[in-house]
């Protein structure tokens, strides 16, 4: 049987077609991800809380928002790049926000980067004009001046931006207290308004004088002003975030991480784990099997005894044990899985080789004077190739599942996010109990689909390997 | 279609137009195609053909033990006025299998259950079908063992402890425990070496005489068949191509295939080189059009490649399925 | 007689397996310095307590240091830290062999005992309730359905089960468990999400048992569902391979009832590989299922092993590994005996 026959038999069955289609999809996504994602995505992005600070935490995907109607509030980010300082020494940015929802934004943040000043620091201000024409100053702050020993020009927030969390900013609360008193005759204090910032800014009191608010829909004009003291003073990029209650294609976790990115990154990782493990385990397993079956005698007994014991070592406990001792590194996980993955194949390949060895082909080749290793690897390998291939495909999901299980126990490689790790953080932080299905379901579904792709292909290959089953279909 | 041979007495087995189809992933193949035959009481019929001619399928069909992917049909299939086709499965199992028809299978090595003792396997039909007590069944079986020259201790052995020849004898003994009317022998000796083959053939001839058995002897070896059979039927690619009394077929084979089959046999007495039949047996999936033998036939002419011949009666001989005889008629 | 010799030979070689497994474990612990690190940590911890105690009575710092140093040396000797790991090793193995499992460093039994034997014996029944009963249910159902299926090869039912087994191979039990918790415990609210008892647990014995079973339902369903497909498929394939043997056709031709054919000619012959799966599966089930027990917060053997590793509790890790190996070796021996009964070809060769 040659490769073409195998392919024909495989593609004849529905499961073969489904498996190949799934695998093709996974490979395409993986290749795309490898090209688009930075190599250090895990450490620099995924596990860097600052990278996700402006995202809403633990919210479902945006398309869930489409079904929430008036209760949905979209996540909004306004970002501008630096501008020339005007002649009057003021930098002025404005954003228009069309607000039409029954919910107010979940949080508000304002960030500045790259502030440069030459003598006195600039004054930063954020104000908003509401649809009802009322104006609120949400934030007003003079940056800290020169530090002792520092010389002009002074540079601030080059690496990490100044991030103001307006939702709990005291300045803002105080400003809102005076706003409410002046405009709605509501007397209150900053403590009472804590947690109500967005409701106040984007609403009005439902009754005169109380602290319940109804949303005020319409256009909000935000304005950010930087008052400079020197013509070459400048403020870099600015970012205003109005938190939503849904985000991205797959939602976010409790750290605000965009789950879609983590899930995408999981594709190539799963493939690499599965394929590396299965290829090496298969090569080792079948080589030892051929040697064992072909050499016979002591070599055979030693290899067989060893594989027999080795094949019964349960993979997960040994993985946990060794990873705990040797450290949480993905390559160590893969090596351990290779080391413990080959023996089953060795046993089967040996028995196949024993059958073939008595066959005429090898006998006649021997008579023609071919060397031992030549016989082994040319003829025997050629005959067991379809079986070995199927075993390799069948072993791939086992490796993917084992790594997922290990990660789920919190023993994954922290620098490389995998589906198992996403599940682990969800389970550990109680996402199951809070009903955060978008955090728990997709990684599991992806693990199952990826494993399924390989299992389906292996299933379709079965008739190619076991002709007994071919007649039956 | 007419009968295979004319008999004076009422036939024991009468089969008309038997067809056996196998469903495979590559399509449906017809292993037995419109085969008609009949066997009279005490008579023996030999079915001869190359391996893969559909002989074994026919034997299995007679006992209705074809594999799951096979189906059979026939216009008539009667055993002593019992309709083999229409009898309900349960009745057929209890009254016909092994009681009326039994069989000695080709693959002696694989015909016995490896984990059950020989004795238990041979007594089993007696116990299941006739409710014979164990000890009586054992006595009966030991008597049969003697008949086929099997040592009594074989009774307590496992199959893997026996040689091929002994296993074949066990199968013969087992086929006789219920004293069936019809015994089908499917290549009973092909796996054995020549001396044991001769011994077993002698025993079979004895048994036939003693027990007044009707026998269907399926083999690829026409000489072996002629040794024991009164009538012969030659099969090619699932069809019977020639039938008639053994002597006439041996002495004056009519069908080109039969002629070549006989010529291919090594004869020790006469100093003639055996002739090989050129070409391969046809594929059952894509059989040749017209006469199925035409690609290998030395006398092939135009009609052979397009139309299928029917069985033609040859007086004082039998029947032949060949266009060569159409004009002679 | 020769039968006995064969069995003794197998028993000896299995004992060898046990020793090899333990050696590998101990060498791993020793050669990586893990063992020394753990023991060192224990000594340091004890020394801190002693220092605090002595500091009250001995005022002179030099004198204190001297007393502490002798104390440390005594402790290091007590734990065997003065010797290299390979010198400590034989003693440790010997204690295991006489079933002295020792005391845990940090893990405790439910009533606070540090004895490893007590801890293990406490966890074992819980694992049996969950994992072993799930294995038995799977095996029985798998056998029944698998045999049935082998007679219907190629049917729609057969195809469905083939796909089911493929899915069950790709479906991790732990994730399925999470999914079921999400559905049955939090959406439908009909089954508990985890743990072994309600809070507070019922006092009365029978109610307590019922409560335990109530908590075991979801994990058992999970385990059975994800492993049943593969079991059915294995049984089906083995039965199918045997039912295509020629002696099965012969048995049918003999007019034997289908029941007899299935039992005596198919199952009886296909039994050894099925029994192998069954026995090894049952033995493995006693070791618990780390992930499933974690998901369902079930204090079984698997969870104990995981906790022992995270707590770096060497005594428990070594003891559990020994128990797992012992279980495996015992199961293999049981199998050797079963093979002799089931297959006459082995008996006489």
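Letters A, B and C mark the chains in the order given here, with residues in each chain numbered from 1 onward.
Just so we're on the same page, a residue touches a chain if its C-beta (ideal position, glycine included) is under 8 Å from a C-beta of that chain, and two chains touch if they have at least 3 such contacts.
Here the structure is a predicted model, which means the values were calculated and not measured.
Comparing per-chain C-alpha centres with the mean over every protein C-alpha atom, the closest match is chain C. Centroid distances built from C-alpha atoms place B farthest away from chain A. Among all pairs of chains, A-C has the largest number of C-beta pairs in contact.
Separating the centre of chain A from that of chain B, both taken as means of CA atoms, is a distance of 69 Å.
Put simply, the C-alpha centre of chain B and that of chain C have 57 angstrom between them. Our note on geometry: chain A versus chain C, Cα centroid distance of 33 Å, whole angstroms.
Among all residues of chain C, those that touch two or more other chains are 153-154, 244.
Those residues of chain A in touch with two or more other chains are numbered 472-473. Contact of a single residue of chain B with at least two other chains is seen at positions 68-69.
Considering their complex, residues 13, 17, 20-21, 28-29, 32, 34, 153-154, 162-163, 166-167, 169-172, 174-175, 178-179, 181-182, 186-187, 193, 240-241, 244, 280, 284, 287, 290-291, 294-295, 302, 305-306, 309-310, 312, 317, 321, 324, 328 of chain C touch chain A.
Listed in rising order, the residues of chain C touching chain B in the complex are 153-154, 244-247, 249-257, 260, 264-265, 268-269, 342-345, 348. Listed in rising order, the residues of chain A touching chain C in the complex are 15, 305, 309, 312-314, 316-317, 320-322, 324-326, 397, 401, 404-405, 408-409, 423, 427, 432-433, 435, 437, 440-441, 444, 447-448, 451-452, 454-456, 459, 468-469, 472-473.
Contact residues of chain B toward chain C in the complex are 60, 63, 65, 67-69, 93-94, 96-99, 102-103, 105, 107, 110-116, 124-125, 128-129, 158, 160-161, 174.
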